[in-house]
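Take a look at the structures below.
In what follows, subunit A forms one complex with subunit B and a second complex with subunit C.
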Partner chain A sequence: MSPSPNSFVFCSPAKVLSGNKALENLPVELAGMDACRPLILTTAGLASRGMERTMAAVFADSGLTVGFFTGIPAFPDRKLVRALYGLYRDRGHDSLIALGAGPVLDVAKALNIALSGAPEDLEAAAAGTLANRKLRPLTAIPNLDVSGYEMTRYASLSSLSLTAPTAVPELIVLDPRTVLPEARKTTAAAALLTLTQAVEAFLHPGRNQLTDAYAYGATRYVMENLPTALKHPSHHSSRIALANAAFFAQTAFDNLSGGMIFCLGMAMARRCAVSPGLIMGLLLPHGLLLEMDREETPGRDLFLAVGGAEDYAVIEEGMGIRKAVDRFVELLLELQSLIPDFPRSIRDIGLAKSDLEELSGAAGNVGGRGSLALSEVRYLLDKAWETRF
Partner chain B sequence: MYLPGYYEYSCRVKIVAGHDALERIPDLLSDIGARRPMVVTDKGVAGAGLADIVLGAISDHLEVGVVADDVPPDSDLRVVNRLAALYRERGCDSLLAVGGGSVMDTAKGINIIVSEGADDLMKFSGAGALKRPLKPLIAIPTTAGTGSEVTLVAVVKDHERHLKMAFVSFFLLPDAAVLDSRMTMSLPAPITAATGMDALTHAVEAYYCLSKNPLSDVTALAAIRLISGNLLQVTRNPGDREGRLAMANAATLAGMAFSNSMVGMVHTLGHATGSVCGVPHGVCMAILLPYGLEYNRHKREAVMGELLFPIGGPGIYGQTPREERTPRVISYIRQLNEDLHTATGGRHARFFAEVMDREGRPAVPRERLPDIARAALGDGSIFYNPEDLDYDDLLMVLEAAWEGLPLDPGRIRKG
Partner chain C sequence: MTGMENYRELPPRGKPLKRAYVAVMLWFVGRAIQAAARVDDAVREEFAALPAGFTFSLGVLPRGPAMIVGKDEDGRVRYRGWQTAGKRIDLQMKIKNLEGAILMFTFQESTAAATARNRLIVDGEVPAACAVVRVLDRVEVYLLPKIIAKLAVKRYPDRPGEDKLRNRIRIYVGAVFGFR
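What follows is the complex of A and B.
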């Protein structure tokens, strides 16, 4: 008997504040969580872009005492978490605000897990044995340069991968003053990563009505806003839409698991110094063509998200995936025209053909489909190797 | 897709849906550190054997502190106080609310008292009075309609002082909502129909009213799609497990949507009709929903037209020219009421003149319509309606809904 399409478990524990003056509501939200001495974590780069001043102004008349740590590096380690553990305790903080993306959230989650017990608990969280311990209130204020994990239960710290369901930020704030314009390539790479998470959520065998709803929102926002956000970086609402898309896609991802293209993209990015999102973007059309042959593939639902209701209503039965692939290729071509050094093939990212064998092995047993044949992964990589968009 | 200049959304309730979802309760409780729940329910739910199903699913794995099955149909401060004392006496550490709106409200009220160590619930009324998490609470709805398993409000009545206390806080959200098809299998057809239309109204109003946002939109669309595909079938075939579960999911999705976006005039008039004439909420929603669409159409034509997609399906949506989509949505909803009327052997009312009370007398006498219109003017939901409404407008809508006639386009205010 096939499982009921109506049976599922879903959780999105975060409250989101999105749009103009969202930051101004932060003090009230923190007070509501019984937090009055937050420690704000960010990077030197973001601090130099005026973020520290913006945040200080937000809390100026709030009666809350905020502390700053502006030294989160690109590759944080456990030593830093230990140091912050001491700093947090010494200064009497009671909550965390992660201002930034990727490593800032990694450190904030790891620190939060450590604070609920001792720094040694990180090993327990890495082993997945950490109980559902209640953590301190964590607010995420992400930007457009997302890693795909900020608003999920996952964090990584050098060689340590942490998983704790209670580590998902309780509050997410998306404000035009913190969702700043980024370099075009950075914005595009992150949006393609978001798109991949959303598309693979539709294809995941554990998909449900809520992951579909979130994946739909994420896909629509990326398809409608990515080119505008690149052409008009000062356009607030496109940037906020992309930031929302990342939140939605990560929420779907957090309730399912990574798909094949996501996992392959991550594995390939570890081998060469290229953003995983760019690689995922190049793999996505091939991954979908592979899906086209599967009977159970929800091609039409996918195209509803990719193309919107008007276009969806007029496509022929069975053409959903094909049409979605067309749209993705069009998007890649548009990105190439907007970004001079945008890669056109996985041959452009510094991989050797001989790497593909090992990569297909690494990605063969991950992803929602579970029993994905090694040969299929290899086929996909070969196709991607041959193709120049 | 629409993106407002600013929005907030939160639904931190864990949703567990399935034909055997109840069996997961022990794990859900132990995940949040609880092992001795108090079961809160009412006589109707217990009499239908639903409390026993819940107990049967969990009692091998945990010890139930006490089962309180005497929650009245209207939440009551005295009952809340008495059950809070019972909770403490029996050493409970969490709450399972099995029932509809009043059971949820009562369980939330008990939770405030036992978590805050309070003796006076009044101190915590209004918004923002609660500052920290309460005891674990799991909601197990027994109708597919209200969505109160995912709302952050509780209403408790003080019958002695004639006060209605409202509590609003994110801490009132249940930790989990458990949606199990066994809980709604025995719902009679007219209640299935009315509660399903309640859920549809939540989703439709959330989608076209003024405080919509992307997450209320996607949850509303998913709810409408499920209701369009399942409500009539389940009303006709009460034993359809898959359809029952789909409707339970739809009601929760619609609850997520409207509790994060607000509702409009259908609720304004529905609340008023309920309080003046005692008509069940879902019955009012079913009758009034087409009028909310008609009255606001000139302000929200494009947004309403989008609803034809989940209601009619992609084929019909694609074939229907834009300007005909909203009328088509309205006629679909009217037709759904007609079909539910037939499927329930005439017990699903299509207009107010058809609504009967328990003794079989007309529940909404025509001469009470002015009282309803006056009561509606004081309802907060009136502010979220796209078009303004004064007393005359409200009465005009009520008159039409009493007879079951469409609104006269010439008389609709266009502000």
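What follows is the complex of A and C.
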């Protein structure tokens, strides 16, 4: 059943440049945002993979001198934001480019909030009370190793969880030269996280036609391109499709509250230092089976995204969720055959059964987004504990 | 930590070889348009439909190179150099960056594909821009061997002209020597 067109709000302020030579448009796009002296933030790891040379080539004919900072650590703190605040001002920069995923975007968003107002605004963003002020131009150039929050209003900085609707990057560039091949397990984990965000957007009671459209695009891209991206890492199109899928799914996610599987996956990942996407992938079939008996579950819509139009045309009424679960299990089995150390159960990720009780409560605290029924969470965890794919 | 040890500035070093290549191609194509307007009926008809004095430019952002082609009051089509400053230009077609221009002028992408991929900014009337794209396609059919021209144009004509070989020679000679 289509979602009701009554009373919904949808926001996606980002312009996306995707494909071959997309990066070369950066100077023109920056000029359109009245920016001519960007500060590029990235990690030392990405800089050592040739990103400095790539960005130097992108701006070589632009007449612009850009700043290039390579010191973003895996777990950034406010001290770094303070140092970058001074650097940005002293060197006369007027915009930010976040080259990378996860912590790079976290720092870029926090720095942008501080720069566009005052450093104290970070506390307001942490408390969710930051005024809707337009921030400085922020461009995101994400890669495949996404955390699920890059293209949303959320950022985390050591103990601070920031929320600022205007912190969503204004421009997103997805180019094969920056969406580099990653380790198979990293690619799979990020794609499963994207898939979870997309599928849970379909199941969300606040879904609308626009979130459905974004969730559909994300799901199709992951289902069609993940195996190819793993088997042939040099295949540009499949990598770019996965990067686009992450943008679609995160935009849908940003407009809805987080689902149970996403929250549980994040909570479990914090406890056992495993990529949240891997955990979400293991939980997803169980989460969907929980939804199967609900009358309002859009099973057919979901299966259209998961299975594609041809298979959608021949499924029986009421079988959408079941068939979608079958597809996800097939995908997990394929991933296991491609990645030797891919976990087969949540028992393989370093959890003890006694942890499950505590996790039921911890999931409710992820991102402070919505409430979860604890009995359902516990049921799902028990089922996942018993199952080995 | 000050952050300065991880900071450096990347000055714009330019791409002189690519710029020179695109500049030569624009110069040659501009003069070839001038010659084609004299020898090819389809190009002549396209220009006939444009108003007298109509001038267009095709260039690369942010600093060129560019080519300017215009129609005189008496209807003759002329290549008017690469300096856009101080000229009245009715239609400006700007390629957003040098790499986009390289894709077009190494015929990896047709003008139509480049437009569809958002590599061009058009400042002027859309019908005139469509006419200019058709002229560019037609000229490329004459300038390039068929195997390359098929990559460069949207649709390779079944019959590019009854006197294709003769026209091709006249356009090449006109482009190189600048006969008007």
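The rule is short, and it goes like this: the second predicted complex is superposed on the first by the 374 of 389 C-alpha atoms of A that agree within 3 Å, B and C clash if a C-alpha of one lies under 4 Å from a C-alpha of the other, contacts with A are read in each partner's own complex, and residues count from 1 in each chain.
Simple rule for what comes next: contacts are C-beta pairs under 8 Å (C-beta built on N, C-alpha and C of every residue); 3 or more make two chains touch, one makes a residue touch a chain.
Treat the numbers as computed from the prediction; the structure is a model and nothing was measured.
K.L.:
Does subunit B (first) or subunit C (second) touch A:L80, or do both, or does neither?
P.N.:
So A:L80 only meets subunit C here.
K.L.:
Determine, under the contact definition given at the top, whether A:F303 touches first (subunit B), second (subunit C), both, or neither.
P.N.:
Once the two structures are laid over each other on A, A:F303 reaches no partner at all.
K.L.:
First (subunit B), second (subunit C), both or neither: which does A:E52 touch?
P.N.:
second
K.L.:
Output check: A:G19 vs subunit B and subunit C. Expected answer is one of first, second, both, neither. What do you get?
P.N.:
Both partners, subunit B and subunit C.
K.L.:
For A:F262, decide between first (touching subunit B), second (touching subunit C), both and neither.
P.N.:
The answer is neither, since A:F262 touches no partner chain.
K.L.:
If you count the residues of subunit A that each partner touches, which comes out higher, subunit B or subunit C?
P.N.:
Comparing subunit B with subunit C, the partner touching more subunit A residues is B.
K.L.:
For A:F328, select first, second, both or neither according to whether it touches subunit B, subunit C, the two together, or no partner.
P.N.:
After superposition on chain A, A:F328 lies in contact with neither partner.
K.L.:
Of the partners subunit B and subunit C, which touch A:T65 in the superposed model: first, second, both, neither?
P.N.:
The answer is second: A:T65 touches subunit C but not subunit B.
K.L.:
Which subunit A residues are contacted by subunit C in one complex and by subunit B in the other?
P.N.:
After superposing on chain A, subunit A residues 17, 19, 21, 25 contact both subunit B and subunit C.
K.L.:
With touch defined as at the start, can you tell me which subunit C residues reach subunit A in the complex?
P.N.:
Those residues of subunit C that touch subunit A are 1-15, 18-19, 61-63, 96-100, 103, 117-119, 121.
K.L.:
Which residues of subunit B touch subunit A in their complex?
P.N.:
So the residues of subunit B touching subunit A come out as 1, 3-19, 21, 24, 31-33, 128, 131-133, 170, 213-215, 217-219, 221-222, 226, 242, 245-246, 248-249, 253, 306, 309, 314-315, 317-319.
K.L.:
Note which residues of subunit A are touching subunit C in the complex, please.
P.N.:
17, 19, 21, 24-25, 27-28, 31, 44, 52, 55-56, 59-71, 79-80, 83-84, 86-87, 91
K.L.:
Write out the stretch or stretches of subunit A touching subunit B in their complex.
P.N.:
Subunit A residues touching subunit B: 4-22, 25, 32, 34, 132, 134, 170, 208-210, 212-214, 216-217, 220-221, 224, 237, 240-241, 244, 248, 300, 304, 309-310, 312-314.
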